[in-house]
Structures are given as structure tokens and as C-alpha cells.
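So, here come the structures, one by one.
First subunit A sits with subunit B, and in the next complex the same chain sits with subunit C.
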Partner chain A sequence: MLNQEFKVPAKLKTTSLTLLAIGIVTLLAGVFTLLMSHDQMSQNRFWAVLLQNSVFFLLISLASVFILSATSLAQGAWIVSFRRIPEAIGSIVWVMAMIAGLVLLTIVWTNNHHIYKWLEDGYIVHNKLNALKNFFLNRNFFTIWTLIVLGLWSWFGIKLRQLSIKQDSDPKGSTKTYWLNFNYSAGFIFVFALSLASTIPWLWIMSLDAHWFSTMFSWYTFASSFVSGMSMIMLWILYTKRHGYLGHVNDEHIHDVGKFMFAFSIFWTYLWFSQFMLIWYANIPEETIYFKIRMHGPYKFFYWINIILNFVCPILILMPRPNKRNYFVVTLVAIIILTGHWIDFYQMVMPATVGENWHIGWFEIGIVCGFIGLIISLVSNKLTKAPLVPQNNPLLKETIIHIS
Partner chain B sequence: MSIKKFAVAVYDDEAVLFPAVKKVRGAGYKIHDVYTPFAVHGLDVALGEKESDLHIAGFIYGITGTCTALGFMGWIFTTDWPQNFGGKPHFPLPAFIPITFELTVLFAAVGMVLTFCYLNQIMPGVKKHIFHPRQTDDKFVLVIEVNENTAKETETFLKTTGAEETNIQVAEADWWFGRFDKREDYEIQEQLA
Partner chain C sequence: MHLKYESVIREPLVDGNKSYHQVTEDICATIENKPTKLWTIGFLISASLLAFGMFSVTWEVYWGTGVWHLNKTIGWGWDITNFVWWVGIGHAGTLISAILLLFRQGWRTGVNRAAEAMTIFAVMCAGQFPIWHMGRVWDAFFVLPYGNTRGPLWPNFISPLLWDVFAISTYFTVSLLFWYSGLIPDFATLRDRAKTKFRKAAYGVVSFGWAGSAKHWQRHEMLSLVLAGLSTPLVLSVHTIVSFDFATSIVPGWHTTIFPPYFVAGAVFSGFAMVQTLLVITRKVLNLQEYITIGHIEAMNKVIVLTGSIVGVAYLTELFIAYFSGVLWEQEAFRLRVLGPYWWAYWAMMTCNVVSPQLFWFKKLRRNVWFTFFMSIIVNIGMWFERFVIIMALHRDYLPSSWSYYTPSWTEVGFYLGSFGLFFTCYFLFAKYFPVIAIAEIKFILKTSGENYKNKMTEYEDQTNEHFLEEQTHHH
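Let's turn to the complex of A and B:
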């Protein structure tokens, strides 16, 4: 039972490659119709969609590395039974990082000030307070910090998986690799706190509205990406389980992941609301402008659907205990959450870039398909490379006898 | 308020307790309760307890808190004493959310603690019969309700389940207010019986 080698089902392979092909065709079509058109808005749409999707899919993959590190540090045993899934997702972070890095740095180095308005000379320097941002929002800082962070994320994602696979061939009862993994996890948490939990969302997303600022923004982005990441892990667990693998993952493990989806949906709402309420209450024009376009302007629909999909649905559907153990219900909620947070990222990026000319059309959907296909094919391929159970993990017994 | 007769078995370890519970239930005895020094994971499943309704009570308390907060603040600021705070509307929902949230949590928490105490028959100032003085320390105590006819037989059976000590006790099954024991009472009961 414990030595299961994952084989990619033919149907999954076809689906993922089809989705990937749709994505590539859409991208090429986008280059010829949107990017090469003389219409500024079409060009903006092209870059904004790529920016939003590459960052979103990078961050939800990265959430797997975070949950691995956090549970390793807490010595949580519950995750060990399906540890190979977040590990596989974490080890493809480097691909997503390369795509996101390519998109971000192309925008910055082609001086595309329709996307990042601070690229225009003297755009920020209107008053003393904003002038301080020049230290942060300039091309060199952006490039160097982005490259460092992407490199570290990719490296840690690969490293955590390598250690876990190395553990399989360790002598029985050896805990050396286990503690090594513990130390690397601590390192990653440190990097994560300085990157995703503070500077990176300011730099990549918040700076689209170069005059606006919110100290909650990074945590809000983190919560958004983390809850989507957990939903993605849930979908992978249920998929592999349905195809006859991971027999030792029982309802308790599913319940635990369900709790994360439930709790972090509420945490996301808490951060979202904290950011919103302070701005609403203080009512300072340079801050409220951010919400004016979203609440009352052309993004009204996304603004409300965001709260419904990401707060109302998870809290009401996942609250009863039996629902967190029902495979159909958690699958449904996982899809709702992923859609909801994609929309959340959409309404973070679009108002500042394409303004009222937003579309959800062939280009947006095609690019999303491409990223989904890419993730599915890479992760399923990674899953075949190692047994689905970390054999020598000292917590293995504890995770298998997991009861309420 | 009912005084009953109980067969009591004391176990040394949870590893002995689990097979014993299984054996006792398999033999068709109805377990009155099991007292353990700490929360034993999986014991509720082994005992065949159905899921607690405490969380439904919690949800109702929470909703009560939400309604209380919104209703009360809404009544104050729209009807009773309307004031203008920084040009905000008289029913500023976002500004009410933190207090609504806090009151929801407060109602749910306090209500659930009290309900929990009631369901488990624990509360400051109430007393409950203690079957074994070490049941809060290091012993696991399994209790079966019996009558005169079944007492002997049940005790003999419990001895075979690995109990290190068994006995028959006549005791109050419920809780009562006050700090006094009820020994005198059930001594009289025994004489009457």
C-alpha cells in the first residue's frame, strides 16, 4: 500500500496538453492582434493579463512551499501522508518564476509606463512623501530584488523536495535529513516573510497604482494566494485519491485541508476588510480613489462577486463539519475559491492598467487555460518521479493513524 | 436526581482501556461513562457516541450576537440618538462590522462554554460523584449501570477485561448544587433497599 508509483492517467495528459496548447495559441494570437495593434488599450490588456496570471499562478504554487515549511517547523504530522503533492507543486515554482520574471522584467525594461506608471520620469515626485518612494520604485531596485526573490523561491522549492526524496534512501531510523529539512524550512520562512509577506506585492502589484499605498496589501495578497494554494492542493489530493492512489489519506486529512480553506478564507476577509474600512473611514481622497473605481466604477461587479465567492460561499458552505469531509463539497468550494481569488487578483491589477476597458474574453480565458494546463502537466509529471509516500519520514506512522 | 448502582472498573493505561471498551460493548453492556485524566483521542468513536450538537448551539449563539449588535447599534444611531460622525451615514455598516464581529464571538464563546459545562455536568459550585479518586490523575475508569441482579455478574465480567480494580458503588448519577457529598443519602437508600 505504501509504495505507490503515480502514473499520469491518459485523460489527464490529453487535457493538460490541450489546455497548454490553447494557452500557447492564445498567447501567439495575442501577440499578433493585441500587442502589435496601435491601440494603446489593447497593448495594456495584453501585458496586464500576462502580469496578473503569471503572478497569480506563481504565488499559488509558492503557497505549497510555504505550507510545507510551516508544517515542518511545527512538526505537523498530518501533512506527511500527502506531502509529495505540495512538494511536487513547490518544485515547479522555478518555471512559474521564470515566466513571471520574464513578464515583469520585460514590462520594466521596455519602459512600459502604461503598466507601471512610476517608470515615467518624475511621475511620483509630486510631494515630499511620495518622493521617498523613489528609493523603492525604480528600475534597478525592482530588477535586482525581483531576481533575488525569484531565485530564492525556486531554489527552496526544489531543495525541500530533494531533501524529502533523499530521505527515502536514508538508513532506517535516521533523522538527519528530517532536521536538515527543518532548518531549510526555517530559512524559507525568513525569505518568505521578507518577500511575499512584505515587499513583493507592493513592488509587483501595489505599485500599479503608484500613488496609492496600503500597509495591509502584502498580507492581503498573501492570504489570497495561500487560500488558493491550499485549494489547489486539495484538488490534487482528491484527484489522485479518486484514481486509486493515496489510500492512506483518510477523511481526517481531507478535513484538515478543508479547515485551512475555511479558516484562511475568513483570514482573507479580515485583511481585506481591515484595509477597506480604514480607508473608508478616514476618507482621504488619495486613498479612496482606489476603491472609487472598484466600488462605484466599472469594477462594481468584480468587487461584490469577490466578497461573495471568497467570503460568503466558503464560510457558509464549509462551516458544518460533514461538509469538510464530503469530497464533492470540498471540490466545489476549492473551485469557487480558486475562481474567486483569480477575480481578486484581476480587480487588483486591471483598474490601474486598462481602466474601464476591461474584458474577460478569449485572451483572458485562453491564458488561464494555458497556465492551468502548464501546472497540471508539470505537477503530474513531477508526481511520477517519486513514490507518493515519504518512506523514511519519522512522522509517517503518526500521520497514517490520524484520528480526529 | 436519581441514585443508582454502578459497576466500576479501573484501568491503568489507555492501551488496556480501548480493547476493554470494545469487549464490554461487544458483550452487549451499555456503558454509563468513561472517566479519563485527559482527552483520549478516538475514545468517543470507540464508545459509539454520536456527534455533539454543541457547534449548532454555537452557531445560534453567534447569530444572536450578530443580530444583537447590529440591531442595537442600528436602533441607537438611526432612531434613539442620531448623530453626525464625520459625514458618515446614520447606518454606517462598515463601521459597525468590528463591533458586530466582537459580539458574535463573545456570544458564541460564552454561550458555548456554558452549554459545554451543562452538557458535561461541570460548573463552579456543583458537585458530582467521583467513582475513583485517581480518575483525574492517572487512572481510566469505566462505569456500567447495573441493578441487584446483574451487579455480581457484571463485576466478574469486568475483571476479565484487564481491569486492575473493580467494585460496586451506589451513587447519585446526576450533579447537584453545593459542595457536600451525598454519602449519607445513599447509605439510607441502601438500608431501604
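Let's turn to the complex of A and C:
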């Protein structure tokens, strides 16, 4: 009963490959109609959409590595029952990293200053204040730091899963791998603090609005990716459970994941609001300009839908205890949260790149389908490669009797 | 009945061979015995500090705030530094009792009572500073939105200083209720064991007639859950609003969006350091090493290295964004912090808060009691400097003729020492007359995490996973 081997249901395989195919066709169509068009805005749209999606899907996959590390360090038992799922998601970070890296570096090395304004020749000359920025915002630093970080993320994602699988074949009662995993987790958290929790969102996203700055920006991006990552894990647990796997994962575990979705939706709102309120209150033009286009301009709709999907819905729907234990409700909220945070990333990227010419059309939707298809096919494939239960984990028995 | 089982990989939370009765005996012992000499000396020192503080404050009220070394440029000095410092210290208790309760951290039961008490005393100390800073303290009630005859309500509702009044008074009330409701069953235990009439009557009154019936326990649990739910957002809101006092302004070095979460992390950081300072001593003096184990100390040191690193990332973020923003004022403010007249405060802060806590990455050091005690003091010094560094952003404003340098006067120092007096006087009284460890809550985890009970769990450890699962999921 505990030693379950996951087999990819045929329907899932077809769905994921169809979505992936839609994505590839969309991408090709995008190349011909948008990238090769003479309209600057179409070209911008092409790159902005790829940038937003590749970064978003990379970060929500990376969230699994973070969740594994954090719970390993905290010695949480509740996650052990389904930790093979975040492990599988974490181990595909390298694919997402390659895609995001390719997109980002292509933008930078083709000197696409319509996306990153700081790439423009003579950017410094236009504005003396930018001279300093260019120590940070320059092609070489961008490339080197991006490659180092992507490499480390990918490596840790693979390593944590390897260690966990290695434990399966360890002698019973051996805790060596357990503590090794503990140490690697600490290493990842350190890397994470210096990359996603600080430098990377400045470099990849905040620099789209090259003049604008906010110290909160990276933590806010982190919160967004964390809560989406948790929701993605929730969807995988429920899917595998529905197909008869993970029998030992019960309402208590689901409830706990639900609590995280609930709590970190509020946490995201806390960071979002702190950033917004302090800028609004101080009312300094250099800072408020960021919200001007979002709150009053063409992005008004996204501004409000962002709050509704990411705050109002989770807090109201997930507040009652029974809702966190109802599989339909948590699935619904997980989808709401993922959509909401996709929109959050959308409104981070689009205003600075395509301005008022935003679209949610065939290209945006097609690319999203592609990424979803890619993640589903990669993760489901990874899940078949190892038993769904980490047999020798010293916390396995605790997780079986876990009460949320 | 839910199985009392915990993995062997976790160390016991209660050492030694304990029964429910033994737990009661161990924890009630200090309360039922006569105070020791050490306690009396400590109490007298604290009380005299408090007396000196009262003298300093009286002096200040009599002569006016002019006796402090504040001036036109530096309108906030030690008073607000100490206010923020104490409020920050007051964060660990509620974090332990509310958030760690939600995270199901069993080790909180060994330390939550003392930490919550500390929270309450720290918030009491914090409250003194803005109140006495008002100078004309008889008008202190002006901060409250009372109905008056002057037309609209008096306070300025869009000022974060007013939000502070609400945030801190709410926090104090809820923390006090939470702490007190946890104390009720323990007071009843003391009442039932009391040998003198006076003691029986006194503990009888404060235990509200607790009889320990199932209904009482049920309501008690319900209340704890509700209060935990209320406290959780409060842990974040209080220091968030304290940070708004600075961040809503347009003062360079103060106006930065990361302030709210970074203040909260710093508050938890300093709060845990203070818990360590107190508990390292308390466990030794009251002989409670079996309840506040090295494992507890290590867990708290982990929280310290985590929050210290979060704070470190925030410091570096601030520095970086000041440079990256291209705002000259912002850059100058940070240049002055690092290299200006108050450079020593900045580097003291960096060393104490960011660099030295990194030593807690080493397990050996996390589990060393002496090192922990030393570090807890270092962290508290560092966190005091953090607030001082932030507030001293005031020393050079836009007008060079008004640039200034601030050192405190004896009344300000006396006031600060007095707050220690208040804090420790309360803590000594608490440690003598209240159970410093939550008796009922320790009993709750004893059969899962007590050493003698854990030794018997080998039978479960030896079972195969399948057998264990079968037994636990189908037998009831």
C-alpha cells in the first residue's frame, strides 16, 4: 500500500502533450506574426509575454525547492507524506531555468532596449543619475549573475530529490541522509536569500522600470511565487489522490497545505499593501509613477483583479475550517491563486514593456498553455521515476498519524 | 484516542523520568519554597533601578523635556530608540504562543509562559517612553479618540503615531488575556496545593474558581484558539505600525518600503534574544534544565540565526537601493550612516546583528549555553543600535546650519535604566509567584515528547511502515 509506483494516466499524457503542442504552435505563430512584424509594440509583446511566463513558471517551480528546504530545516513531518511531489517539481527547475535564461539573455544580448531600457546606448548620457545604476544594470553582470543563480537553483532542485531517493535504499534506521539533506537545505536557503529574496527580482523584473525602485520588491515577488508554488503542489496532491495514489495523505495534510495557501495569501497582501501604502502615503513622484499607470491608467482592471483574486478570494473562501478540507473548494482556490499571481506578474512586466497596448489574446493564452503542458508532462514523468512514499524517512510514521 | 508517538529523530522535550505528578512538583517548588537569597538580591537591585528611573522621570516632568538632549534637528533620541527596542522585545512571547502554536511546535510549551510574561513587561516598558516624552503628561489622554466639546474628534487619524496607540494597546490587551487564560489552570493547581489560608485564598481568587471539569477544559481550549487567531495578525501589525512611524515620512533613510517586514523580523530577533537571556538564567536558578533543555535553546538559536539573516538581507537591500535609486539625499543618508559621525553605531549594529549570529550555523555553538547567553546580550545590544542608527538619520537634515550631534543626558539614561528596573522587578515577581513553565501544557506533550515515554516508543519504530499504517488507520 505504501510503495506506490505512479503511472501517468493516459488522459493526463494526452492533455499535457496537447497543451505543449498548443504552446509550441503559438510560439511559432508568435515568431512569424509578432516578432517579425514591423510594429514595435508587437515585438515588445512577444518578448514581454515570454519574459513574464518563463520567469513566473520558473519561480513557482522554484518555490517547491524552497518549501522542501524550509520544511526540512524545521523538521516538519506533515510534508513527508507527499514530499515526492515538491521534489519532482523542484527537479524540473533546470528546464524552466534554461527557458527563462534563454529568454532573458536573448533580450539582453540582442540589446533589446524596448524591454530593458537600460540597454539603450547612451543611457547614461541622457541622465546623469543613471551612471551608478549601470554598475548593476549592465549586460555582463546580468549574464554572469543570471547564469550562476540559475545553475545553483537547478543543482539544488536536483540534489534535494536525489538525496531523498537515496534514503529509500539506505539501511533502515539510518539517519545519515536525513541530516545530509538538512545541511543541503540550509545551503539552499542561503543561496535563496541572496538570489530570489534580493538580487534576482531587481535584476529581472524591477529593472524593466529602470528608474523606479522599491526595497520591498523582491520579498513581494517571493511571496507571490511562494503562495503560487504551494497552490501548484496542492493541485498535484489532489490529482494523484484522485487517481488512487497517496492513500496515506488525508484531510489533515490537505488542511495544512490549505492553511499555507490561506496564510501566505494574507502574507502576500501584507507585503503588497506595505509597498503600496508607503509609496502612496509619501507621495513622491519618482515612486508613485509606478502605481499611476497601474491604478489609474490602462491597467486599472488588473490592479483590482489582483487584489480580488489574491486576497479577497483566499481569505474569504479559506477562512472556515471545513473549506480547507473540501477537495473541490481547495482546488478552486488553488486555481484562483495561480491565476491571480500570474496576473500579478503580468502587471509587473507589461506596463513597462507594452504600455497601454496590453493584450490577453491568443499569444498570451497559448504560451501559458505551453508552459502548463510542459510542467505537467515533466513533473508527471518525474513522479514515475521514484516511489511516491519516501520509505525510509525518519518522520514517515509521524506523518501517517499527523493531525493538522 | 490519538496515538502518542513521535519520531526518535527528535530529541525529548522533557528530560528525565517524569510523571504528571513530578511535573507539578518540579514547577511548583519555587513558588512554594521561601525566596532564595539570590532572588532577594536580584529583586532589590531591580527595585532600586526602578526607583532611580522614577526619579529621572520625575525630574524630567518637573523641569520639562528640555532636560533631555533633544534639539530642533534631533527631535527623537533615546526615548524613541528605547520605545522601539522594548516593543520589539515584546514580540517573541506572542510569536511563541500564537504562531508556533499554529505551526504545532511542541517545544514552545517549555518556554511560552516566561516568554509571554516577558512580552507583557516589555510592552509596559515600551509604553513609558512616548508617554513621558509628551512632557505635559497630564494631557496624555489626548491620544485617545474621546468625545469632546471642541468639535471633531481630537486625534489625527491619518497619523501613524495614533495607529501606534491603537496597535500597542490592542496588542497589550490580547497578550495579557492570552497569558492570563493560560495561567488559570496552573493557578488552580497552586490553590489546590496551598498549605496556608492566605495562599489558598489568593490563588483561589486569581484562578476564577477553576474546577478542571471537562467543560472547563473545553472552553479553555476554545478560548486559546480564538486568542491565538487574534494574536497572530497582531504579531505582525504592531511592529509594522511602529515601522510606519518612520517609513510614511519622506526623511531619507526612513522612507523605504521594506521597513514593515524587516521591523517585524528584527523584533522577533531581539525578542528571542531576550527570551534566551532570561531563560538561560531562569532554568539554572530554578533548576528547570529538564524542562528548558538544550534542545529548546537550540531551537531558539535557530530562530535567531534565521531572523538575524533576514534582517541582514534587509540592511543590504536598503544600502543597495539607496545607491541604485540614484536619489542623492538617500545616498547621502546612507553614506552618513556607514561613514558619518555615527559610524560606530552602524558598525556595532552590523557586527552584532548580522555577522555574529551567523556563528549559530554551527550546531556546537547553538547548543552551548554560555555562548548562547553571550550572544543573546550581543543581539540585544545590536538591536538597540539598529533603532538608534535609524533614528539618528535625523542628525543632518537639508539645512547644514542645523546639523547636530546628539548624546543623551543623565535623565535619559536614568529613564532607560529605570525601564530595566521595571522589567526585572516584574520578572522577578513573576518568577517567584507564578509558574514559569505552563504546567498543564507540559503535561499535554509529556507522553509524546517526554524522555521516559519516548524510550518506550521503540515498539512503533520497529514496526514496518505498512504495519504501522494498517494499525493506525484501520483500528479506529
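Heads up, the rule we're going with is that the second predicted complex is superposed on the first by the 395 of 404 C-alpha atoms of A that agree within 3 Å, B and C clash if a C-alpha of one lies under 4 Å from a C-alpha of the other, contacts with A are read in each partner's own complex, and residues count from 1 in each chain.
We take it that a contact is a pair of C-beta atoms (placed from the backbone, for glycine too) under 8 Å apart; a residue touches a chain by one contact, two chains touch by 3 or more.
Nothing here was measured: the structure is a model prediction, and the numbers come from that model.
Asker: Using the overlay on subunit A, decide if subunit B and subunit C clash or can fit next to each other.
Answerer: After superposition on subunit A, subunit B vs subunit C: clash.
Asker: So, does A:Tyr281 touch the first partner subunit B, the second partner subunit C, both, or neither?
Answerer: Touch status of A:Tyr281: both partners.
Asker: Answer with first, second, both or neither: which of subunit B and subunit C does A:Leu318 touch in the superposed model?
Answerer: Neither: A:Leu318 stays clear of subunit B and subunit C.
Asker: With the two structures laid over each other on chain A, which partner does A:Ala197 touch: subunit B (first), subunit C (second), both, or neither?
Answerer: Only subunit C; A:Ala197 stays clear of subunit B.
Asker: Looking at A:Ile403, would you say it contacts subunit B, subunit C, both, or neither? Reply first, second, both or neither.
Answerer: Both subunit B and subunit C are touched by A:Ile403.
Asker: In this superposition, which partner touches a larger number of subunit A residues, subunit B or subunit C?
Answerer: C
Asker: Tell me the contact category for A:Gln75 with respect to subunit B and subunit C: first, second, both or neither.
Answerer: Once the two structures are laid over each other on A, A:Gln75 reaches subunit C alone.
Asker: Is A:Lys133 contacted by the first partner subunit B, the second partner subunit C, both or neither?
Answerer: A:Lys133 sits against subunit C, while subunit B stays out of touch.
Asker: Kindly classify A:Tyr178 by the partners it touches after superposition: subunit B alone (first), subunit C alone (second), both, or neither?
Answerer: Touch status of A:Tyr178: second partner only.
Asker: With subunit B in view, single out which of the stretches 74-82, 200-208 or 398-406 of subunit C clashes with it after superposition.
Answerer: The segment of subunit C occupying space taken by subunit B is 200-208.
Asker: Do subunit B and subunit C touch any of the same residues on subunit A, and if so, which?
Answerer: Residues 281, 403 of subunit A touch both subunit B and subunit C.
Asker: Residues of subunit A touching subunit C in their complex?
Answerer: 1-2, 73-75, 77, 129-130, 132-133, 136, 173, 175, 178, 186, 193-194, 197-198, 202, 211, 213-219, 248, 259, 266, 270-271, 274-275, 278-279, 281-282, 284, 286, 389, 391, 394-398, 400-401, 403
Asker: Which of the residues in subunit A come into contact with subunit B in the complex?
Answerer: 273, 276-277, 280-281, 283, 319-321, 403-404
Asker: Across the complex, what residues on subunit B touch subunit A?
Answerer: Within the complex, subunit B touches subunit A at residues 41-42, 44-45, 51, 55, 59, 86-88, 94-95, 97-98.
Asker: Taking the complex as given, what residues does subunit C use to touch subunit A?
Answerer: Against subunit A, the touching part of subunit C is residues 2-3, 5-10, 102-103, 233, 236, 240, 244, 247-250, 255-261, 302, 309-310, 313-314, 316-318, 320-321, 323-327, 361, 460-461, 463, 465-466, 468-470, 472-473.
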